[in-house]
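There's a structure below that I have some questions on.
The first chain written gets the first letter, and so on, giving A, B, C and D; residue counts start at 1 in each chain.
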Amino acid sequence: MEFEEDGIGEECGVFGCVAAGEWPTQLEVAQVLTLGLVALQHRGQESAGVVTSNGASPPTYTSHKGMGLVSSAFPAEALLKLRYGNLGICHTRYSTTGISELQNCQPFVVDTLHGKIAVAHNGELVNARALRKKVMRHGVGLSTCSDSELITQLLALTPPMEELDTPDWVARIKNLMSETPSSYSLLVMYKDVIYAVRDPYGNRPLCIGRVVPISKLHSAAAGEEDTEGWVVSSESCSFQSIGAKYYREVLPGEIVQISRHGVKSLSVVRRPEGDLPAFCIFEYVYFARPDSIFEGQMVYTVRQRCGRQLAIEAPTDADVVSTVPESATPAALGYAQQSGLPYMEVLCKNRYVGRTFIQPNTRLRQLGVAKKFGVLTDNFAGKRVVLIDDSIVRGNTISPIIKLLREAGATEVHIRVASPPIKFPCYMGINIPTKEELIANKPEFKDIAGYIGADSVEYLTVEGLVSAVQEGITSLKEDEMGSSNGCRGKVGHCTACLTGKYPVELEW
Amino acid sequence: MEFEEDGIGEECGVFGCVAAGEWPTQLEVAQVLTLGLVALQHRGQESAGVVTSNGASPPTYTSHKGMGLVSSAFPAEALLKLRYGNLGICHTRYSTTGISELQNCQPFVVDTLHGKIAVAHNGELVNARALRKKVMRHGVGLSTCSDSELITQLLALTPPMEELDTPDWVARIKNLMSETPSSYSLLVMYKDVIYAVRDPYGNRPLCIGRVVPISKLHSAAAGEEDTEGWVVSSESCSFQSIGAKYYREVLPGEIVQISRHGVKSLSVVRRPEGDLPAFCIFEYVYFARPDSIFEGQMVYTVRQRCGRQLAIEAPTDADVVSTVPESATPAALGYAQQSGLPYMEVLCKNRYVGRTFIQPNTRLRQLGVAKKFGVLTDNFAGKRVVLIDDSIVRGNTISPIIKLLREAGATEVHIRVASPPIKFPCYMGINIPTKEELIANKPEFKDIAGYIGADSVEYLTVEGLVSAVQEGITSLKEDEMGSSNGCRGKVGHCTACLTGKYPVELEW
Amino acid sequence: MEFEEDGIGEECGVFGCVAAGEWPTQLEVAQVLTLGLVALQHRGQESAGVVTSNGASPPTYTSHKGMGLVSSAFPAEALLKLRYGNLGICHTRYSTTGISELQNCQPFVVDTLHGKIAVAHNGELVNARALRKKVMRHGVGLSTCSDSELITQLLALTPPMEELDTPDWVARIKNLMSETPSSYSLLVMYKDVIYAVRDPYGNRPLCIGRVVPISKLHSAAAGEEDTEGWVVSSESCSFQSIGAKYYREVLPGEIVQISRHGVKSLSVVRRPEGDLPAFCIFEYVYFARPDSIFEGQMVYTVRQRCGRQLAIEAPTDADVVSTVPESATPAALGYAQQSGLPYMEVLCKNRYVGRTFIQPNTRLRQLGVAKKFGVLTDNFAGKRVVLIDDSIVRGNTISPIIKLLREAGATEVHIRVASPPIKFPCYMGINIPTKEELIANKPEFKDIAGYIGADSVEYLTVEGLVSAVQEGITSLKEDEMGSSNGCRGKVGHCTACLTGKYPVELEW
Amino acid sequence: MEFEEDGIGEECGVFGCVAAGEWPTQLEVAQVLTLGLVALQHRGQESAGVVTSNGASPPTYTSHKGMGLVSSAFPAEALLKLRYGNLGICHTRYSTTGISELQNCQPFVVDTLHGKIAVAHNGELVNARALRKKVMRHGVGLSTCSDSELITQLLALTPPMEELDTPDWVARIKNLMSETPSSYSLLVMYKDVIYAVRDPYGNRPLCIGRVVPISKLHSAAAGEEDTEGWVVSSESCSFQSIGAKYYREVLPGEIVQISRHGVKSLSVVRRPEGDLPAFCIFEYVYFARPDSIFEGQMVYTVRQRCGRQLAIEAPTDADVVSTVPESATPAALGYAQQSGLPYMEVLCKNRYVGRTFIQPNTRLRQLGVAKKFGVLTDNFAGKRVVLIDDSIVRGNTISPIIKLLREAGATEVHIRVASPPIKFPCYMGINIPTKEELIANKPEFKDIAGYIGADSVEYLTVEGLVSAVQEGITSLKEDEMGSSNGCRGKVGHCTACLTGKYPVELEW
């Protein structure tokens, strides 16, 4: 691959669907699952997998997995194969730990004494190493390095299978949750139900949607009797594309059972006294699709607020405000609105530039990121530009862009970053470069503007970011968040990569 | 393929490169060609082909062709195979006439009495049918329905090969130009030179760039001695991504020879007395990448002017101006600037939605274009929206978008189209639906707003479009356009699809 | 697939290799493994897998698996990836139980408390169902239905991992052998050694070869110091193609350790008192390649003896003896030699007929097996033919062949089968049709000649087969069989599919 | 590719089919064509192509081409696409001249003034170079180096297309035949007929079959009214696999028209006075499948006669006669019958050894052909072996086989070759190594036995071969050969590669 991405990577997206009512229904579950995956594709492009169940007793599970984007990994035959599913879960993966091979691809299905379970997982267990050892000490061989396989074996293993007459998967899930505090948003499919689980810190997102007739999609009149199915997803942006209404979030620590009869909250596992929730703040800043809703607010709006806050914290004497397309655009528009400076596009992205098999060591390599962006000279030649970026990780993307703008005639280029400097690694599901690679930890950071060639560089403060994020939440009425069950009321976010304060102890 | 695109299709992009100086040089021609193709990918995604020549006597030609995007059609082995090329031409194709098969893929190479020539063509010969008959009457069997093969055989055929001692390809190209008035931008490679040809009406674009050291790319000081190679391309946006400086356009009717010694204008074939140039106005409106330069002006700027003109012609009493992403954004920003209304994003595009193998006839099909767009509710709920689109072809894309916005809370949705209604077919290289399918020719067009569900619909006038386009050209100094050779000074554009006035007689 | 094979299917072939001496050596282990697999391809064409170890501490394992024939499943990149292996095991699979998917493909690798082990298995555990339950009751989830995964988990599980300071894999293998009597020929790779194991009944074959310099391959002078590596294989036919000398069989119940230091017999697990060995007699009749050696005798020779015995038991008044190519040829030549009748070829096989995507329900389907065979009319027109086949399973292959011969002019067609009728299913690794499908269990069998259209049909008796097989073994000197360790001296074979007498109790 | 084949290569096979009666009929032409190709696969494995016509006016042609074996080049979709064909021609190719690319793959289809024609060709035009020049001088560009394209353009070109009101393809074919004497067996499809053409020397084979109901396939009672279609093929072996009866050969110089109304001989173009027919004698010796019929006799029988003749010319004092499997087996059986020596198999071929991606320069390469053959030691250890081969080209295959046999215990190895030494190149469609590479032209040939390590080597004489071939023809009754039309009666064969006497002047 030619381009080294200068970013941070999400680990995964999970999605599930259960057709409502008497099976089989009209709802084509395999199609819903696949389209749901496509809508979560920004969370992982390495591989994709779907497992469906016909929900019978014993159930027949059908699975399909493939490398690459959903569009190439799921040919027509795959959908044909999966078409008898009445419920199913799926997963799209961005490899962090583990090799890029089909066998690491989720969901993971195992046969147990009580039948098959399927597991899809977004997150990273902070104590995975210790848990692997525990499982292997019990005599289990692990065939992948996937946390999902580990979770699956933990579910099968404790308490011992033989002690139970019928399987109490909820007890097993609770047991699992007592073994590992974070981070996981989990879908466990067993026969005819899906258990949707979020870790007690709510570190990774998970929300529920209700599938209704397309004609009633945006109608307030769509009542319970109109429910065609239930979906559960890492992000609500996937609901739009399959024709579902946003229902509610799975709460931190909550175990929700989704069946053809509906959605039922089974239990909420509490955090230790005094611990705040710790939803990953970078979901707002960078990962999530702008039309997704977390904690009652739209991601786009939060990003706009970050831009406004940045304009207050770091005003600039300049002629135009612009964006590094496409992710920084809401913040740039917010900055423009707040500052009163005109918003202009200065770069245009070639969306076909991707993996090309160009050998390195050539003059073309020197071009770097310039291959990706066209310059809209007329919009900024002879002007002072404030360029908004969402984050700077290694600093090797922004630098050639600044050079490009200057050479095309910008008289000044000021960089304003709509998030604070990233200084610490993440052990909870995000693929951040090592501490040494992060520009914020390098000596050059003292003169970051000089280093990347900008006239000035300013970051949003941690306080500014947190307040921009939490401002929208406090304004939220309690009843919009789903049934109140004691674990709400407090607001908190994981800012570990910015502050080094991890929400749980890291047992490495 | 699931989504019927509601658009009009470009036919092709062509690109060529010659390494300058003593061969072999450091310039990796195969890489330049491939990256050039990637930058022209928006002009055709069906197939791609490259032919290189080592330029020796006799030359060795190497070719690679593949279906699909350049990224998948050109694996590492293909580049390896092509690596000894000192010059080459390439082509990316959007199928209009002809079946989607590898054998229709350009460039077309044929062996003649004087050796092999390779031809890449963008355009559509208005008299192709008559020319095919002529060629076949001479006793030539045609193995494809590609105009490129036809052109190749015409070059081989007249005047008869045996009458010449050494081949006079320029005479043959002129002869070809006397047989067909339009439309073609043509690259003909023979041994060690590329002939770049544009039809006398200049209907399709073609321009030349100069490859310089990356370090001198944006430096005015890059002199003739710094030239590492020459490139020729359908659009100048490709120069940025391979590290070339814009040099000049190939003029309407001009035959330019590009060799390792440089660029030489060989001849300019005149139009009939009184005929104006007829560069396709839809290149500005829709096809070209916004950072490309035609006739001395940036496409993005023209689109912005169209937006401003639209705001003058069709003002709206509304709260926010927005865009159907991404192509209408410059016009929307122009409309916002002129009208003083705030610009807001209301839709977010899922760029992973593409070819998926979903069977039709399902509830999901009803969702239509909604699968492609997420709704940024907070930005427009309770507001009156002016939505700018670049063009409306069949009307089946804009309609569900309007529904989406209304359902998400827009109180009014006004559509403003930054180009006039399309009413006539194109016979010059653009794939426009049949006359009957065009919304502008349907009875429903009388109440277009009612038909698509908008509160109001207004189009830019033909005069408004033409003046927005030509305003930038008149302000251009003559010397920026390359050597003056008599055919400039007049300005004219092909507006046949809007007005039915074709620049040349259609001999069908 | 068009042709329903009228045969019985082998389950698998296993192969392993360890380079001798100081690592790395000149021996290219990945190549040896791949060529070894190719030579065992007749034992399974569905999928193939290789796992190599660099033998370091901790070891790095590299694996490659693919569907289909070795030639397509192992491209050049796969060999490149595997090239640092100093030892390795591999497997070729014919699917019996389990779906045709890559994840069922062996060898199976799991991580345990003491590091990774890899397992390749030929056979079928008679008590697999009970063992699966046992493993799952312990709390292990099983992700495939492969016996190989089951074996791997059993090795990891008992005795509990934590009780051991260092892993005693031999004890664990013995423990496994105490849990399941048959059938398995097993390769277990751990770090720098391969354990080669055969079940106490010796049901599936396994033998050892010594890799020597090609120049000394057939020289008696190749001493211990010339050893370049050790190989272990389901069949000795694979030694020829990688340049190894036949060394000896792994004995029934034996655990052999193969390391760079050589071959060491670690233990021989005894059968219950009174039980005879039970090597599968169909390896001689049908499965094995004719140049393989079992129990000191060449398979081809045994098949010839079967043909001779058949001529004695079932003589025919006919003009020519012929074969159903290619597997019945040794028996046909034996029959001809014994009977004095001339041997002639009457059929010629089109080796390109295989999987073609012809839809059923057509006239061409009626042609059946005729598509596979050309008729050599001149050799038998006007003559009485004795056609030798190795076995008749369903009877649907031989019938159209007889028709073909008759129509082409054979005056009489007599079928002589060089093995007894198959009447019972196999639970020990062979894929035999259900009891009902076997022609020998159908009412039509009473008039089998009439049913298949032959003038007469005769089978070899069970006694005749057993004596033809065992005749060669008794003549064998003890020292040729490797070190005598008490379990030899008795001769016995599994004839369960012919007699219904299974060597072990079937705990289903 | 690992194994350098030590053989000589056939160029191609052609096959055609026309459904008889009113269209559409029950006959699935696309299936017949594909199975016909499979049966001719031994004549070319590089690529395969099918073109069908619906036979309408104007006709719709559908084509599919692919690289590799028919089984992989023709997936189910290809057959689906072709299913509306009422007639069609196809081609399987072994590349001699020309690169291995899809665009060189036949049949070649071109559009002419009178519509499309499709051409499939087996052979090599002796004056191709001059003809190419002629065509190009006329102004035709040639896009491949295929003789098939050349033939197609020649058919389109002379006499000039415009002089004809309706196309007289037969006159054009005759014109073509006047331009080139040899070698070609040609199928030309135009609209609803196939013209089957053989050059006046009959150098390449071509014969016709009649498709009848399967039930009447071998019945003499199948009358004209039972005809379901007509097929034309390079070899009659393909008739068996599609359910057709052998009808007759196309005669040297004959143009046969095949339509739904039947088979009609249109013309027979004569050879120059005094010239004998020149059917390639190596079709008998090596290329053809043994069950094919040429000139009224079965190939297998001719090979057996060659073996007998060889036993007379070159008797051996030995213990067993054997074969290099599989092609030499009929000759070996003939030698055994004539000599009275027992026939034994000594080698067993691994049919899975093919293209494997083993790097050269390894110890495994030294094994050479041994990888392909297993040794059946028991059959020859301690014995003197006469090994029959069909031909020796470079001598690099037989040599390691002899070594193999000796090392496994053969006391003597005598080589008897069932054809004379090959000394001259073929310019008529066979891919023979250059003169220098042929073992018969090397100095070592004086002591060929010593060179390849045999105890003795003897070849069949040219006279012996010719008489073994022609013996069967003279015994043939005239009426079995189809309608007598003056060009029969004389017998002659091309032995140019053995004698240097080419049937026509080579105009190179």
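Keep this in mind: contacts are C-beta pairs under 8 Å (C-beta built on N, C-alpha and C of every residue); 3 or more make two chains touch, one makes a residue touch a chain.
Remember, predicted model here, so these are calculated numbers, not experimental data.
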Looking at Cα centroids only, farthest away from subunit C lies chain B
When centres are defined as mean Cα positions, the distance from subunit B to subunit C in whole Å is 62
Here the gap between subunit A and subunit C, centre to centre from mean Cα coordinates and rounded to Å, is 50
Rounded to the nearest Å, the gap separating the Cα centres of subunit C and subunit D is 37
Contacts with two or more other chains occur in subunit D at residues none
Among line, ring, star, complete and other, the chain touch graph is ring
In contact, pair by pair, are chains A-B, A-C, B-D, C-D
The residues of subunit C that touch subunit A in their complex are 102-103, 108-113, 117, 132-133, 136-143, 145, 149, 152-153, 155-158, 160-162
Given the complex, residues on subunit C that touch subunit D span 26-28, 31-32, 34-35, 38-39, 41-42, 69-71, 74-76, 78-79, 213-214, 217-219, 228, 237, 240-243, 289-292, 298, 300-301, 329-330, 333, 337, 342-345, 348, 350-359, 362-364, 366-367, 370-379, 407-408
